[in-house]
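Chains: A, B, C and D, in written order; residue numbering restarts at 1 for each.
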Amino acid sequence: MIPETTGPVVLFSLPLAAAIVVFIRPRWSVPVTLGSGGILLATALWVVVAVLRQGPWRQDIGGWTAPLGIGWTVDGLSAALLLLNASVGLAGAVFHAARPAARTPVRDPRFFWPLWLFLWGGLNALFLAADLFNIYVALEFVSIASVGLIGLAGGSAQAAAWRYLLATLLGSTIYLLGVALLYGRYAALDVALLAESVEPELVTVVAAALMTLGLLLKAAVFPLHFWLPAAHGRAPPAVSAVLSAVVIAAAYYLLVRLWFGPFAPLLGPGVATLLGLLGAAAVLWGGLQALLQRHLKMLIAYSTVSQLGYGLLVFPLAAAGAVQLAWTGAVMLVVAHGLAKAALFLAAGAIVLRHGIGRLEALGGDQQGAVVAWVAFAIASASLVGLPPTGGFVGKWWLAQAALATGGYFWLAVLMLGTAFTAGYLWRALQAAMRPGWETEGGFQALSPALGLSALGLALGSAALGLAAPIAARLLDAGSGVVG
Amino acid sequence: MNTVQWIGGLLVFLGIPFFLLGTLGLLRFPDVYTRLHALAKADNVGLGLVCIGLGVQSGSVALLLKLILIWVLMLISSATVAGLIARTALARGLRPWGT
Amino acid sequence: MTVYLSLSGVLFLIGLHGFFTARSLLRRLLALNVLTTAVFLLFVVLARLAEPLDPVPHAIVLTGIVVTVSTTAVALALVVRIAGRVRDEDDDAAAGPRGDAG
Amino acid sequence: MGVAGVIFDGLLALALVWLAWQATRAADLFHAVVSFIVFGLLMALAWVRLEAPDIALAEAAIGAGATGALLLSALDRLATRDGYHRVLYEPTTAWGFWIPAGGALLGGLTLAAWKLPAPGLGEEVLASLKLSGVDHPVTAVLLNFRALDTLLEIGVLLLAAVTIWSLGRAPSPLVPAMPSPALPALGRLLFPVFVLVAAYLLWRGSHAPGGAFPAGAVLGAGAILMLLAGARPWIRSSEHGPWRWILSLGLAMLLAAAVTGSLSGLAFFEYPRGAAGPMILLLEVAAGLSIALLLFALYLRGEPCEHGYREVGS
């Protein structure tokens, strides 16, 4: 019997090792990436099962215990995000491998694969890390890989990559300042250790404010979202998928980790309401912007700003007392959003590749050959809107219950209004398929069925999350730090 | 304080006027070339005296040798850099003062 | 040590101010580097205040310096590319329609 | 020493503030970059004053040396672009709000930092130093206690190189417009010194300030200096060439060492009993070499071509 501690080791080491192999031998890129992607998905599933079976665990690196050494935590939250990362990573890799090379705006296809695997490894390192400075290094790792992947699209994407880089670097620097203050006060960097020793005093408050600000910038929370639409809208499809689904979720993951871990004593009604209001503003503003977009990918990109706002509703609802419901609901929503959003970007990528143009008016007409992609788009939309029985529905249901239980009718209204917006802009996108489109010169590009299927897989996953709601609830409860 | 330390201190003290003169030249001389002249000559002598003085004062031969090595490296690099600056200035068409 | 603690704060402010007011891409990058240095300085001052001298922040800052030079190099490479976009029009055409097909 | 030390610290701090201000505000971009480089050099002095000689070495070599070279060469390339000024203009968004917000944060920060007790982990490190396999605490932290950070850090360097390569081919490296016969001679003369210094720092690292990071930084900065002095870059990007191997070596070896722990029934990144010393030495050499090479690769600002670099006119 292999001990379950092998799981994180594989999740950490394999992507990096594969990235090195792919960097040295570009010719082996596709088989190596898909092969290791399969193993990583299986390992992530195994870790999820292990957490369900025996609860969360902690692993010390190098045999040194915390304050001196670095540790990894594997609990329901990190396992869920590891699984999300593996699913999106594999689907994106399949999509990219099957794309028609002629129309993809990737400048130098050889470098996509090492960067993709590096991003994968960096995200896994981030989800495992339990040490604030280790998280900083992993954050920078993820930033550079994301910038490289966005820049691959060339042209204006490189300008978008630059803005993203500046925003994210500023975010990490501010975060690091908070880490320095915490270290100076408590001589510890480990999240669990800090959670035991933190006291609600000025240093902690300032550190919490700084780290939250940095992470909000990275999570593109309104009004710090200015960099996101261009970066996510202009990157290659697979890259947009992973950025919107996982990289944004990673910053959110850290916020939740910190506020329900070390900073839990500080989470008073004031802070919680502030964060909730930011979330509400994001939901409405992002939704409105998405309604106004003319390009399919920009619409989806603005939708990310909007959807992540729901995640922040966890803070006011939890502070009002419905900790468990709000927590499981918000995390469920973020994971379901990740799968659905990645599916949307991949489906949109396939559709846009087929038409050669991304404007909504142009996408109608003959849909032969893009049916699977549109079906995936529709299923993912259903999950994003929150139609039963999808994961999005379950997440929203839990959040709504939490709002009802605590009398937070304002948050309930935000939830409803946001849903209306979501339905509105996604309906606009789906409508485009029905209308007569533009004739494109040279006709439609023939697509490999793998493009649509990779999107469909993710969309079905997002929907199936709703059916697996009891298991998901049990997983997220498993040592989420709140309940444990 | 024994004699060796006195000698070291004296050497360091002797170095100071060279630095002062070099800086004065940098501030008061009319053009790039003369300023370079002041810096490259006076400061290097000053640095040598300070290095040797500190080395002597420390009383350790190894440290003295290390400090002398630093001085030699400084000499080489400042000579090269001064040459580069002067050449670049000439190439840009700056005429030496008085010509 | 008060001097260096204040220095760290002042540098942070200068970096922040520079970052938000500078128009030039390169200057923003410089401001960001100043900002990072201020954070490193805080770490090392904390190490110096601890009794005995704490090596962990030293290691953290060493790691941080290498990470910073990496990000700076990536940023500079990007600046040079986007500044040169006007000249690289041909490359962009080869890369396909941007924005739309992206 | 007391009064003189305080005066020195005060002057140093003032100079640093002035240089930082110049670096972010100076009207002339060249002036700003040079101020920033000098800022890095003076920071090295500040690190020495704060009893952090390892950081001082790394800062002088990386902060001032490598970053300076990168900045200057970028500046040189930007100066010749017509399009630069077009990109220069960027609409600023709501900064009027963010500056006061930042000021308020800083106020809180100062208030908070003033009374930090800074307990530190010095005791813990010293207590575990014997088991770590090295005598120098910073090296022990870097390559044993917090080796995972180091692994990710080398990963960041490699990733940065890959990212830069992905942006396009390397332009010809910056060679001084006015080559002087003295410069290549200086380069030839100094490079052995750089190698010697790097080796010395690496050797010292096990028991005194020094080690892989400063050593790699010095070596990398030396290589960039060679390039500035007119040497042709010798990293080739042939798929069959050894360079990609060599660049990835540091990360690969750290990963291998980490996994070895798991495979032999210990924790991830745990060194087998008694083998910690030699393994750390091996990893240090690998890490130092890859830091040097990767710094050099970063400086090339693009994927090097099969035959060195694209000639200027072609």
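Convention: a contact is a pair of C-beta atoms (placed from the backbone, for glycine too) under 8 Å apart; a residue touches a chain by one contact, two chains touch by 3 or more.
Just so it is clear, the structure is predicted and the values come from calculations on it, not from any experiment.
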| item | value |
| --- | --- |
| Chains contacting each of chain A and chain D, listed by label | C |
| Central subunit by CA centre of mass proxy | C |
| Pair exhibiting more inter-chain C-beta contacts, B-D or A-C | A-C |
| Cα-centroid distance, chain A relative to chain B, in whole angstrom | 59 |
| Chain B and chain D: spacing of chain centres that average the CA atoms, whole Å | 29 |
| Chain centre separation in whole Å, for chain C relative to chain A (CA means) | 25 |
| Interchain centroid distance [CA atoms averaged], chain C/chain D, Å | 12 |
| Touching two or more other chains - residue numbers and ranges from chain D | 87, 109, 113, 116, 118-121, 125, 145-146, 149, 153, 156, 159-160, 163, 167-168 |
| Residues within chain A bordering two or more other chains | 68, 107, 133, 137, 140, 144, 147-148, 151, 158-159, 177, 181, 184, 187 |
| Pairwise chain contacts under the document criterion | A-C, A-D, B-D, C-D |
| Chain B-facing residues of chain D, complex | 176-178, 180, 182-183, 185-186, 189-190, 193 |
| Residue ranges of chain C touching chain A (in the complex, touch as defined) | 12, 19, 25, 28-29, 32, 35-36, 38-39, 42-43, 46, 49-50, 54, 56-57, 60, 63-64, 67, 70-71, 74-75, 78-79, 81-82, 85, 91-92, 95-102 |
| Residues of chain D that touch chain C when the two form their complex | 6, 9-10, 13, 16-17, 20-21, 23-25, 29, 32-33, 36, 39, 43, 46-47, 49-52, 54-55, 58-59, 62-63, 66-67, 70-71, 74-75, 77-78, 81-84, 86-90, 92, 95, 98-99, 102-103, 106, 109-110, 113-114, 116, 118-123, 125-126, 137-138, 140-142, 145-146, 149-150, 153, 156-157, 159-160, 163-164, 167-168, 213, 217, 291, 295, 298-299, 301-302 |
| In the complex, chain C residues that touch chain D | 3-27, 30-31, 33-34, 37, 40-42, 44-56, 58-63, 65-67, 69-74, 76-87, 91 |
| Interfacial residue positions of chain D with respect to chain A in the complex | 87, 93-94, 105, 108-109, 111-113, 115-121, 124-125, 128, 144-149, 152-153, 155-156, 158-160, 162-163, 165-168, 239, 244-245, 248, 251-252, 255, 258-259, 261-262, 266-271, 303 |
